[in-house]
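There are structures below to look over.
You will see two complexes here that share chain A, one where it goes with chain B and one where it goes with chain C.
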Partner chain A sequence: MAILNLSPLTIKTLKRFRSVKRGYWSAIIIISLILLSLVAEVFVNSRALIVSYEGEWHFPTYGAIIPGEEFGLGYQYETNYRDLKQKFKEEGSDDWVLLPPVPYNAFETDLEAGNYPPAAPSFTKQHYLGTDTVGRDVVARLVYGFRIAIFFSLFLLICNYVVGTAIGCLMGYWGGIFDLLFQRLIEIWSNIPFLYVIMIIASIIVPNFWSLVIVMLMFSWMGMTWYMRTATYKEKEREYVMASRALGAGTARIIFHHIIPNTVSIIITFIPFSVAGGITALTSLDFLGFGLPPPTPSWGELLRQGIDNLQSPWIVSSIVTSMILVLTMVTFIGEAIREAYDPKKHTIYE
Partner chain B sequence: MTAYFIRRFLLIIPTFLGITILVFTVTRMVPGGPIERMLTEAQMASGDQVSFQSNNQGIAGSTLSESQLNQLKEYYGFDKPVLESYGIWLKNILLLDLGYSTRYGEPVWESIKQRLPISIYYGFMTMLLTYVVCIPLGILKAIKHKTPIDNISSILVFIGYAIPGYVAGIIVITIFAFYLEWFPLSGFTSNNFDELTFFGKIGDIIHHSVLPLIAYMSGGFAVMTFLMKNSLMDNLAADYVRTAMAKGLEFKTAVVKHAFRNSIIPIATNFGENITIFLAGSFLIEKIFNIDGFGLLGYESLVERDYPVVMGILVIGSLLSLIGNILSDITVALVDPRVRFGG
Partner chain C sequence: MIPRNILSMNKLIKYITLTSILVLITGCSSQEGNEGSVTVEEATQQSTPVVDNLPEYPVSELPEGLVWLTNDEDPVFADPNAKQGGTFREYLPSFPLTLRTAGPDANTGLYSHLLANQLSLIDIHPNTGNYLPSLATHWAYGEDSKTVYFKLNPDARWSDGNSITADDYMFTMDFNRSEFIVAPFRNNYYTNEITSVKKYDEYTISVTGGTAKPKDDLLLYYAIGPTPRHFHKLDENWVTDYTWLIEPNSGPYQVTTIEKGKYVEFTRDWNWWGGEQKYNKHRFNIDKIRITIVRDPETAYRHFLRGELDTAILTFPNYWHEKTNDDVFQNGYVHKIWFYNDYPQPKTGIFLNMDHELFKDRNVRYGFAHSINIQKMIDTVLRGDYERAHSYHIGYGEYSNLDVRAREFNIDKADEYFKLAGWGERGPDGIRVKDGRKLSVVLTYSTQLHTDRLVVLREEAKKTGVDLQLNLLDSSAAYKNMIEKKHQAAWLGWGPSLRPEYWQHFHSDNAHKPQTNNITNTDDSEMDLLITKYNDTSDANERALLSREIQAKIDEIGAFVPSYYVPYVREGFWRWLKLPEWHGTKLSTLVFDSMGLGLFWIDEEEKERTLEAMKNNESYEPVTIIDDKYKVEL
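Up next, the complex of A and B:
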């Protein structure tokens, strides 16, 4: 462990975290899901992974679109690789196409002649969870919706924690008028029904990803601020802060080098719950129609479709199952982290 | 103590003022407010009439005359300086005059007052049931710590905690209302409600409220159960319980007479939060179950851009949440005589 210089205390905490089995495995699964979602195009995409055409290999997944002409199809717009595969098969040529496991993207509508969407799950059509009310593949919507939701909530978390820690530490460290002023401000801010105000704002400006992060930040920075304020208040009175002040350390040094490292357990403990909160908030907004504009793939929109089309159970069941799995795993991680930092030993009477 | 609560109540005033300023600013910046809405409506209405009287109104685009527009602006206070119109609005709020709904034309306060009983019913029932179920369950889980009963119920409670209440609502609707058809899909009462007997009415309301109540409870339920369990376990580990056990007290008596009283305190802290819960999260659940309460009114008025109602709901919602916080403190003080608020 030469590169990562971990203190014995941190190693102990990590060991305790690993000992909570369900939290540890949830963490592994969730982190893999996040990493895999970064390259979701390889698994769920209408573009082929590899096309072998006249002895030449093409990799269309990333990069510019390849027009149909390139592969001897008579059109200039993007190649339909599913048709191409079909065509090669019928011709019996040496050319071949390797499609992703789910050969649909989140936006294209796949309509069957004579049938109105939503279509039930079908393995032959490779719509493993069926299609939604517009004929888009549910798996693709789920996967790309997950990617948006999780990164939305991660960015929101980072912003919240930066703002919350900065203001909270200063409130606790400076105290006095600054503290009082922000206390009042936070009280006002947190007594307003927050989802409702965001809906009002979202109904005025049609938000995109970043503006929605900023709007949410405006109404959710208070939580972390409050915890950090209390923690800083406690830490400020400890001897080590007094000692470093006596040595001539300035405010910035004391806060960044002494107080924050000592309160990092609070920050880490809250991360999973903030992630879950972020996903939930975005999903709620999308569900009500005040979130990211369509046709952005979104879990909230799928939920809405699911509840409006109960006769197509594959929509509601797949989205609800995904939500339960992801949110429960995130909560398990949170519980394990809390346990790792603050192991509870209970007395049990016989 | 009394002094503390008087001070708390007095502090409502500046906080409330702050909230009204915020609400006012938000709605002031809103484009597509009442006037634009009326303009579009007037345009649409005149669009229908064009075939009848195409020559009467010559002005293309704007169908309202300058003086009519000014009248409207005056009505909504847009003609005055911001500060002045804020003052007027604030005065009206204090007199519970929240203006008129642009959608229904009736006073906002009336619309809100009509919906409140339904929301209060659900809020109160949720709170009651949560306490009735969670406290015994928490005690059971604490006593049976690390046994199968504890582990299995933990997983269920965990899932309930992880998913938001309205998703729980969607699950129960799908299973129990759509597939099994045990409960109605939506609404607060049946269509033939007025024809039912007294007990029939009560039965009807209960029949309609089972599923929404599950959705409302799912979130707070987990928090309460774990709070109860953990605080009871902390207390069981405390010295005074050990002393009681050492004296030869039965375990049951030690739990009921000693540990329980102390472990109920954190639960009381949660009391006031319930008031805010049934306002904040409710529009999602009310929307799914189509319950015509406070939340659904808020959602619909937002969709319809009925800003007087939106503002009224914001103001009343914030006020209730302020009161809820104070109620929490009062309950804590009542349950735990050692608590002395001050400073």
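Up next, the complex of A and C:
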């Protein structure tokens, strides 16, 4: 297939994509952010990276918690590594702790009596963007919230496209009664008010990551079907499809080996916009309180907090800036892809 | 939600009994106001029913030897300097679904406003707690500990001019027992709790209840209100026909205009019969009260800062401390008041479901209670403003047990109890495990406003090895979940009652079955015995003693973890609103309560001066009043 073998056509497309500078750089940044977010625990975490205690090295980042007893702190719950570091420093011992650049996780509340959240950004306390209304670090909430939002939207996209493309192609390829039935079904289905359904579901069960993906999938697979149906209708009349049919290829082979590769530009062009859509959808659901349950780190929840607490501008400015940056970069990527696949530049119709 | 006022007994009784109130569950029902406006006045004129055959009620013989009591010795609590006039502007989060006070959807929106204007036989003095005459001038106790006799005030009039007579009380029974009003709770209450009303002449009646009660409580429970019998035509259309009709009432204000979806206006009844009564003088000083619909409290607060609403409730710590840094406060245009009251508090905390496998073991319940760090929650996110609750009933005087202390957050004690229950081991994530199961507790709650508070509890509980999972449900779903006993742990508060009521919450009669209020599924024979005694005794001292014993028992069972209570109200108000020197009363749940106690007034000249000063950018000294004369030290 073209994509894997990197046909000259693909190379040309890639080149054209690279030539759109802002899209290209946005893609690099977003992809690095996604990859980095996979190991966010190393950068933003309350657990230390390395603890050297009595000559032994510990790596607490991943795996089971290390209770405070282990380091002579006299409690059974997880070690507070910031306190431990402080303790070693005060004792002047040879033991040391290496903390991540942001030494907080997304759940812990950094609270002291008399010092009420939200706290303004502070370099000494290493709350670089301040804390939210419960005293959780805004950077940590942003980073882990981003990880959830982006993977949510990627999973949703994959599910949507698999279902949407399959049904769309079949509608176009088979046509007739099947096409007619599904057209009506989709028309009816799209008229169900999605937000109300989500609200009803969220009031009965507590949604989690996967149930939310499934519910969203139920209401967003339709978008792709129309495009794929039209594209398939068009493609199936062309000679190469007729040729393969004459050679005895079955429906599955024709769709997967001939039609989809030839309509892939449609799919790919839509991807960035679907990613942006997915992030926005999750954020708005969380904003309204119908998304992932608390205390899951979430952009929507942070936005809600920010808007309810305009007198603490660091919350709202952090989250709004992050959203604008991510969504703009995704849109730039989308533009570049569209440019790269622009049919005017590489397809000749007879 | 805390009742707007306590003065009207009838209102209170209805308030407390008709609404199985979940204090923390204050989700506003979504109500849609229709487009366009209907003036109720017009609607009423067109369709006021004409009741032809007024019911005739038999006259009974008054027993001999009744000792008639009254009270005009207690001090007045209104300020003689109060000026009359002006328009007071407040808001409601959604448009009321009806103007009825009975039947479907009645317990929403305007309910408390409407009930404040329907007086009862007697009142309670908001400072001394003694009974005061209202629609009745005198009262007398029967010998059976179940009956109270009342002499009605012959001057009392409905707002349409008709006098209020014994027949209107007789009709109250017919009305509330009628199936046409579609109010099962009322049907039941006026059948089993209040068993009969008798008429002796036009202005003398008696009310009899189902169970014997201490003298003190008899009036509390049996001071019912009249129902205008010339207005209600009870038939199957009653619910729909009366939805937007204005019922004649006995109080100072009446609904005059409604603009559907936008606002409701109450206007002073200039011919009100009660204005010259000793304890009503200088109260209800406002001429017109306009209640605008503002759907979001944050938006309402913005309206307030712009001077479009006269007061704002600032009880939440973030409002009191942060949102009052606005210019209107700094420039002294808006004042702040922090007023402590002494009032039965809602019962708030965590209710553990003992039918759940985990909480069958008392040690787990105790260990759990020691894992809940309420104090940290109060000290941090609540800014130390709320008070830690220690027992089930707070603010009930002799009925409250002040010796009960809540189990404090204590890692060692929690560890001890969990070990006794076999939960000694901790898993790789620090959470306790037993037979491969994690010590996870699902805590159901119903308002996003409390998420911040519960997040603190969750993080602290990890330290004792408890995984507290927060389960936020929509308020009605949460209520259903709890009332059907499907919860594991419930974070909620029950509204306050006149006297502690234990049977519905702790008697085994109500355990292990859905749709009852015993959400801890308390099933304890000693408790049953205590509650039965408590309900049967007619001796006030014994009753209070039993109440204290029951509270100790609740603590011993340990299925209730008390959280906090808020023994005050905080409000912001534009400086043209004036208060008596004493600001409020012991029972003031709102300082600026136009219809309940109605102690404040509007100074129109001050208003003009203030508006002028704002135009000229002149400022006044900022004012913050803290009044803690009714603060109770525990």
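Quick note on the criterion: the second predicted complex is superposed on the first by the 336 of 350 C-alpha atoms of A that agree within 3 Å, B and C clash if a C-alpha of one lies under 4 Å from a C-alpha of the other, contacts with A are read in each partner's own complex, and residues count from 1 in each chain.
Basically, a contact is a pair of C-beta atoms (placed from the backbone, for glycine too) under 8 Å apart; a residue touches a chain by one contact, two chains touch by 3 or more.
Since we're looking at a predicted model, the values are computed, not measured.
Once the two complexes are overlaid on the shared chain, A:Glu70 sits clear of chain B and of chain C alike. Contact with neither chain B nor chain C is seen for A:Glu41 once the two complexes are overlaid on the shared chain.
Using the contact criterion defined above for the overlaid structures, shared-chain residue A:Asp179 touches neither chain B nor chain C, since it reaches no partner.
In the superposition on chain A, contact of A:Ser203 is made with both chain B and chain C.
In the superposition on chain A, A:Pro193 makes contact with chain B only, not with chain C. With both complexes placed on chain A, chain A has more residues touched by B than by the other of chain B and chain C. After overlaying the two complexes on the shared chain, residue contacts for A:Glu112 are found with chain C alone; chain B is out of touch. Applying the stated contact rule after C-alpha superposition, one finds that A:Thr331 touches chain B and leaves chain C untouched. Contacts of A:Thr283 after superposition: chain B is touched, whereas chain C is not reached.
Of the two partner chains, chain C is the only one that A:Asn309 touches; chain B does not reach it. Residues common to the contacts of chain A with chain B and with chain C across the two structures: 199, 203-204, 289. The part of chain A that touches chain B in the complex is made up of residues 184-185, 187-189, 191-197, 199-201, 203-204, 276, 280, 283-284, 287-289, 303, 306-307, 310, 313, 316-317, 320, 323-324, 327-328, 330-332, 335, 344-349.
Those residues of chain A whose C-beta lies close enough to touch chain C in the complex are 63-65, 67, 75-78, 107-109, 111-114, 116-117, 133-136, 199, 202-204, 206, 289, 293-295, 308-309, 311-312.
By the touch rule above, chain B contacts chain A in their complex via residues 14-15, 18-19, 22-23, 26-27, 29-32, 145, 158-159, 161-164, 166-167, 170-171, 173-174, 178, 230, 233, 236-237, 242, 245, 251, 254, 276, 279-281, 283-284, 287-288, 298-299, 302-303, 305, 310, 313-314, 317-318, 321-322, 325. Remark: chain C residues 298, 317-318, 321-323, 325, 376, 379-381, 383-384, 411, 415, 426, 428-430, 448, 451-452, 454-456, 458-459, 462-465, 470-474, 476-477 touch chain A in the complex.
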